[in-house]
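Each chain gets a letter, A, B, C and D, in the order it is written, and its residues are counted from 1.
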Amino acid sequence: MAHLTLLIHCKDQKGIIASVTNFILDHGGNTTYIDQHVDAQENVFFMRLECFFEQADFNVELFTKTFAQDIGNPFEMQWQLYPATQKLQMAIFVSKYDHCLYDILGRYNAGELQVNIPFIVSNHKDLAHIAANFDIPFYHIPVTKDTKALAEQRQLDLLREFKVDFIVLARYMQIVTPTIISEYTHRIINIHHSFLPAFVGAKPYHAAFARGVKIIGTTSHYVTEELDAGPIIEQDTIRVTHSHTIPDLIAKGRDLEKIVLSRAIKLHAQHKCFVYGNKTVIFT
Amino acid sequence: MAHLTLLIHCKDQKGIIASVTNFILDHGGNTTYIDQHVDAQENVFFMRLECFFEQADFNVELFTKTFAQDIGNPFEMQWQLYPATQKLQMAIFVSKYDHCLYDILGRYNAGELQVNIPFIVSNHKDLAHIAANFDIPFYHIPVTKDTKALAEQRQLDLLREFKVDFIVLARYMQIVTPTIISEYTHRIINIHHSFLPAFVGAKPYHAAFARGVKIIGTTSHYVTEELDAGPIIEQDTIRVTHSHTIPDLIAKGRDLEKIVLSRAIKLHAQHKCFVYGNKTVIFT
Amino acid sequence: MAHLTLLIHCKDQKGIIASVTNFILDHGGNTTYIDQHVDAQENVFFMRLECFFEQADFNVELFTKTFAQDIGNPFEMQWQLYPATQKLQMAIFVSKYDHCLYDILGRYNAGELQVNIPFIVSNHKDLAHIAANFDIPFYHIPVTKDTKALAEQRQLDLLREFKVDFIVLARYMQIVTPTIISEYTHRIINIHHSFLPAFVGAKPYHAAFARGVKIIGTTSHYVTEELDAGPIIEQDTIRVTHSHTIPDLIAKGRDLEKIVLSRAIKLHAQHKCFVYGNKTVIFT
Amino acid sequence: MAHLTLLIHCKDQKGIIASVTNFILDHGGNTTYIDQHVDAQENVFFMRLECFFEQADFNVELFTKTFAQDIGNPFEMQWQLYPATQKLQMAIFVSKYDHCLYDILGRYNAGELQVNIPFIVSNHKDLAHIAANFDIPFYHIPVTKDTKALAEQRQLDLLREFKVDFIVLARYMQIVTPTIISEYTHRIINIHHSFLPAFVGAKPYHAAFARGVKIIGTTSHYVTEELDAGPIIEQDTIRVTHSHTIPDLIAKGRDLEKIVLSRAIKLHAQHKCFVYGNKTVIFT
């Protein structure tokens, strides 16, 4: 018995859906859910499919191997197969702001997120008590100019030791190193407190105030080497007026940040985000 | 050559997607788009699928007949097949308010709506000049207590003469008769100026004002015999404050009404609305 | 030196603003902020005004007494005067859901709410650990058919002992007793998980699912004897689709509930809510 | 008898509100509405006030002159006084897109906008029929490299002849000349089809598509010499997904553009927009 999630992307061509769903049927399974998209400009086909095998002796390894031979290779697909109920290992990096962390851990406790959280890393000790309250190991790894290399090594050690699948930067106020970015390509989720591409970089609420915008936003995106320029997963906005000071914008923004980051986490944990080029296909 | 839209709904069962897409492939076609939903409570399967046949001698009648034999009947499906680029015949019923009518006709002219508009019916003459400006025949059919039966007959005659597929009540301030409702089951779209099920019936903005709500809404739904109780197609809301008078609510509401009604029209015209029970499945 | 917030409501009449601001000026103060509203239907005038007195020997008692004589009584005003930086005493009642509680306490810690929280009351022990983590006394007061009177007495004792100004029902799944409601008229804030007046009463997400709405909402209101019928403080809404199950609606709703309840708390704590009739004037 | 709107902005200082409202009371008037704002950073005071004089022999000229002497000059105010029911003269410039024009004229007909529209100018003839349908004079003024100076002169002649108060660029696809901008400083309202400051310049929907944003926006702002950089009056946003093509974004954007531009027109026509620095104070 197995419940699987299959992700496919490849050049668009005739017969993909029929071939895949027929293959599943031929192996005794049933396709219970399909999301699919064709990027007509780039001629790329994307599919996320859930399927169910009721037979007691279903052999995932064999199915996977046969799928590669019969479908994956002939269609030149990039594809992954996940147990649909598997929980990914998610590490959280924080600094001093607690609103995103509380929001994530509250949902984690409520069973809303399909992840395990093996540990929280921070360059400060301020939020250790929250980790303790939720019974999650907390590692204080200070990052200074001199300790940068050492800090990166400690972070990598932890990530590898706990077989972390993806990293969430929950208002982590440090640049993640290129080594970690390259080891976790499209698997590091950041929350940037502006409506990207407006107000890239530091102090976006100050910049929004100076420009006199009537709406502020927040953006969750995958981290790439270029700052705040990675593929966007989710955004949201809220109205402001001339009467809002910068601290007001910051307070209003916190409500957006925590909601938007948690939405992005859920989407990633359920394998609903495809990255291609510098954009995402999000199956909601 | 043909581009078809296929709508299916039936009891959920194994192999539907594979069988349908394989059938299409076997007949030389390609499935280019799938939307699908399973109502787990009711165990009902819904699918909207677009497919493309490139062969010059493609025979739709034959394909349709074979599909019924090989797929539709065995799976006990309710299904429809439409040419994907076909334009439905859409009649508009109005009274005196012009904002929805202008919005619809503006989009119609811009090529945004996939419909033909054979005529506009009204129980008043006020909006005849708009119909004239957009070169659409306008029929003034007064509705009074005495002329009700006659009015219904004239409306039915027009609907039949122009082979109307669906009717849009663009703030038509009359009750549509049971005969017309039953002839156009789930094919009459109304816009009700409240966030249903709140404020059913007349004067919803007055009721919203009296209750002191902080948000008003509007609802587009299919007309059924019970007033304002039909399956909901689309809704939207907007914030209001204590400083808004009833005329302010009415003015703000107009912006919602015209946008929401036009969205519902687009969804219906593209065969993206399934009705089952008293609810809708909307593939956007 | 003093920074005061003055709330006024009375029959609309000529010269109110001039008289009040002039009185403040004559007593050496400056009006720094005015919000004002006239309900033209009811002919009622509302004003919230902040003023600042720089003199070292400013005497609030004397000012208050003179204001009553010279302004309040002649205009037949209902009015209150608060130190603008005063923190109200806010009690929190909870049951088993933790999302609103975490949200409130997170903001409390961040200094976002202008209140003190002397204690948390619950009819269950489940959330005691959260109270402990935030160092707030937690009282477990079970409510059963037999202990109802006793429970009410214990609640009243606590409310009085800590001179509680207002009560927040953060998903407290019990009916508050008429005695407490009458002692805290328009000072008990509830969060109801629907877009009122739609879906009054129990299980609103189930009702919303059954009706097939495309948007769900949440409402924060003052508690009155009639269930879910009190003056509305704040509402918000979010889109849903046919693909959302009842648990999905509940999860989505949690995000609305915590944000909307916290907004209502802030408005009340800053004396920005007037209640009249069964409606509110909210100065944001 | 008179109903006046008074706009004030000046250095923040003690006693402004008291002095102004008292002055009005002393001249037999009543202040019926106040909106007020202090920019604490810049130390600037803003106020919009409506007042009502019931006496039959009220002399506006005398009141204005005395106000200048007793209040305006001593406080070094910049101030304007308008009859509250006066309609401003609003010119509309269009090119080929009709959605904003239809929206504006529909509201104009419904009495929703407090303006007169003496004429519509366009560099193309395409929308002349709409002007005709609404009985508004239409001037076709082509703009080419060679006729630019001539076109500007014809535009200026019209603006002066009809004593135009402000200009609305309803998707006018030409740059307005510096001469006109300087003659109509902060009195030309543009609609830019992006969420400024993101996507300044041409083809913002293409740029939004390329960046893969999950929300698009639109911005109404006063025109200044620097392109798309003037003070923002109003903005709004709407969600999009990976499945939306560029034409889809354009169609969705049209709905935002027409609503947002019309909101900005209403605010300006009711003297609810203050410009200072490069920002606005908007009293709604």
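Definition applied: a contact is a pair of C-beta atoms (placed from the backbone, for glycine too) under 8 Å apart; a residue touches a chain by one contact, two chains touch by 3 or more.
Predicted model only: the values in this text are computed from it and were never measured.
Of all chains, the one whose Cα centroid sits at the greatest distance from that of chain B is C. Interface comparison, A-C against A-D: more C-beta pairs in contact at A-D.
Rounded to a whole number, the gap between the C-alpha centres of chain A and chain C is 37 angstrom.
For this pair, chain A with chain D, the centres built from the Cα atoms lie 42 Å apart.
Within chain D, not a single residue touches two or more of the remaining chains. Interface residues of chain D facing chain C in the complex, by the touch rule stated above, are 14-15, 17-19, 21-22, 24-25, 30-34, 36, 38.
On chain D, the positions that touch chain B within their shared complex are 98-99, 102-103, 106, 109-110, 112, 129-130, 133, 251, 254-255, 259.
Remark: chain B residues 37, 39-40, 195-199, 211-215, 217, 231-237, 241-243, 245, 277-282, 284 touch chain C in the complex.
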